[in-house]
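The same chain A turns up in both complexes below, where it pairs with chain B and then with chain C.
Right, the complex of A and B next:
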């Protein structure tokens, strides 16, 4: 447990001090919420909520999902800092290395997202503190999935640089289908099926159901599914952990 | 001569990778699919949700049958607010709230306008999506310059008598050729698979040239100002997304606040919308 604790604290410190993780998870969503809220201000005048409230809810999950790439890069931190060999030689198991990374990333992503939510709530009053607490739990689950998938890509794949470039495309498509940039709705069943393929649609819908329809069943179901998927990817990350990749710090184009 | 050699070398290197061929097929297919989908999503009809007793639902349905451009269904009371927020319904006819919804619907139906119709037409949406995606794709190809700079290839070319500008021109030409091949697949593919694709031949050529030039110039510019490939990737996608938003892809320009309308002049997407 001591070994895990040391690894976890070291990873956590690195993530907190990493300007990129923090900037991407705090500044980027705040900027997007402000810009999109300002652009669409006039379109939400007769609606149940303001444009800032809408984008305050839908932007944060999108930014958490985008952190998959940050999480993948975080898997290479030790190699880049030339500390990977020491960790590999130390009496720590592969599972401890992977879990420490995942836990640290999860806490930082969730913490940044919750901070953004609280800031947006001050200006736009998204919901009560009880609802915000529940949404925070959702962000924690989403951050867990993101951290697990990102760590699996970073540590478990031989050439994650190519995957990382391709990954942006499905994430953007899910974001568009999920209504992160614009409300997408239809009564057409086949099109509704396509929209439902986006995980972000389910996340956004569950949060809106919690706040505006006081319906928490799908919200808790969603959290359960997210934790399940995260668990599967965590097991995959541990199983596919490649020591040679963990120690390989030659990342083209990745410079600090 | 240097530019030609650089272009030739870059193309050779690109086509030696299997992933180039995969992307050449994948990107056009994904674009055609999402383009067609986005056109179908452009729903000129009002979507109405009816909430109330069976008798009320039947009565409203009879009234709505006579209206143009209206789709309706029975709404679920437990999720009504969320359905409205997520854009499933434009108007809710609620038995408890009287006929205010119906009056509003009749008025708007007669005007023949739809909130979504003040946005873009199908043509503009397709063109905007094409330019945004190719701005990002061209950045990926433009990153070749950064890779060569890091490996010392640019320095070797400069020592052998070439200039940085000629090297950049070579990179620009190579990425133009590769994106040009993809656009040649996409544009006719769209017109074959989607009968909503209503561009004339002249317009297709203009769209092709505009997208090719702007996206590749953008890719090279991002590569010139970035210090690393990671920075170029993130900067390229972020700026492309902002240009897309400011250009009026999601919100009509005349609906934006005034200051944002002035800022949107900087977006190449807006130039494309104005042309269309």
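Right, the complex of A and C next:
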């Protein structure tokens, strides 16, 4: 446990100081919410919620999922510093290395997102603090899945650079289908089905149901599913952990 | 009777079709310095990675101080230190924090941890610069910090992979003296280098590898004596006699 704690604290410090975490999980969502809220202000004049409230809810989960790339890079931290061999040489298990990374990433992604939510709430009153607390839990589950998938990709994939370059394509498609940029409330049934393929749609819908319909059931189901999926990817990340890849910091195009 | 600290039996490793280590057998006795020589692509780095448990071997066994990897993996790891060829420290952490982090991975805490960190940094003459980040260090200082990170947990066996590459003679001399001091304190050392004069100055025994196989495992003086009759005056002559003069452009 001591060794896990040492690895966890080191990873946590690195993630907090990491420009990617701060950029993608604090600055980027704040800018997007402000910009999209401003541009789409008139579209929400006859709605129950303002454009800022809408984008406040849908942008943060999108940014959390985008952090898969940050998490994949975080898997390569030690390889970039050439310190991976030292960690592999120390009496720590592969599971401790993987879990320390996942836990640190999860806390930082969720913490940054909760901070953004609180800031947005000050200006656009998204919900009560009780509801925000529940949303915070959802961010924690979503961050867990993101950290697990990202770490799995970062530590288990052979061709890291290729994988990293194509990773944002499915995330962007999920974001569009999930209504992160435009609302899709009036589509016909076949198209609605396509939209439902996006996990972000389920996340956004559950948060809206929680805040505006006070419906907690789908929200709790969602968290349950997210934790389950995260758990599966965490096991995959541990079992597929490749020592050679963990130590491979020779990545063309990446500047230290 | 000399006690074997390390005993490698039939180590084998292949990458795809290419066999990089082939039926390797050697021993390292308690408190000796063994020099490991070999041209590029000889399998030295792979052997070190298997020896340290960073990479698994395809076949073979490692015995360490009477323990086997299968049963006592953690205990063995506690007693091995590795000074990698590349500088393996975090650039965003101070020298002190780097040594502290790597030492704490071995389970040391509190006052004991602080004492070990101080000792290691004093040993490499970096205590006064402990608050500085490695980015501000010269090549020699980085190499010394690299060593401090590897010795803070007091390993019984220290494996050094070309620890003096690209540094000035003063730093090199300091590092070589430091290795001798560590050895006097009881640490066995496997010293990998292309610098024959360093091997000659430090080591009691020589291992020469080529094409994944061990070509020579012999006492340094006995080896030199044996090859004297064949006209080899220096260790480099012997090395070239055994491994040939053809260029080796294989991948490491």
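Here is the rule we go by: the second predicted complex is superposed on the first by the 253 of 256 C-alpha atoms of A that agree within 3 Å, B and C clash if a C-alpha of one lies under 4 Å from a C-alpha of the other, contacts with A are read in each partner's own complex, and residues count from 1 in each chain.
Rule of thumb we're sticking to: a residue touches a chain if its C-beta (ideal position, glycine included) is under 8 Å from a C-beta of that chain, and two chains touch if they have at least 3 such contacts.
Since this is a predicted model, take the numbers as computed values, not measurements.
Partners chain B and chain C, brought together by superposition on chain A, fit side by side with no clash. With both structures placed on the common chain, the touch criterion links A:182 to chain B but leaves chain C unconnected.
In the superposition on chain A, A:239 makes contact with neither chain B nor chain C. Looking at the superposed arrangement, the partner reaching more residues of chain A, out of chain B and chain C, is B.
In the superposition on chain A, A:39 makes contact with chain B only, not with chain C.
In the superposed model, A:3 lies in contact with chain C only, and not with chain B.
Once both structures are fitted onto chain A, a short way to say it is that chain B and chain C open up an angle of 120° at chain A, using Cα centres and rounding to the nearest 10.
When the shared chain is aligned, chain B comes close enough to touch A:215, but chain C does not. Our summary of the superposed model lists a minimum C-alpha distance of 18 Å between chain B and chain C.
The touching residues of chain C, counted against chain A in their complex, run 49, 52-56, 73-74, 77-78, 80-82, 84, 86-92, 101-102, 104-107, 109, 149-150.
Note for the complex: chain A touches chain B at residues 28, 35-36, 38-43, 47-49, 54, 73, 162, 165, 168-169, 173, 179, 181-188, 191, 194, 201, 204-205, 208-209, 212-213, 215, 252-255. Every residue of chain A that touches chain C in the complex is listed here, in rising order: 2-3, 6-7, 10, 14, 17, 81-83, 85-92, 243-244, 247, 256. By the touch rule above, chain B contacts chain A in their complex via residues 19, 30, 34, 37, 40-41, 43, 47, 71, 73, 78-89, 115, 136, 140, 143, 146-147, 150, 227-230, 233, 237-238, 242, 245-246, 250-251, 255-257, 260.
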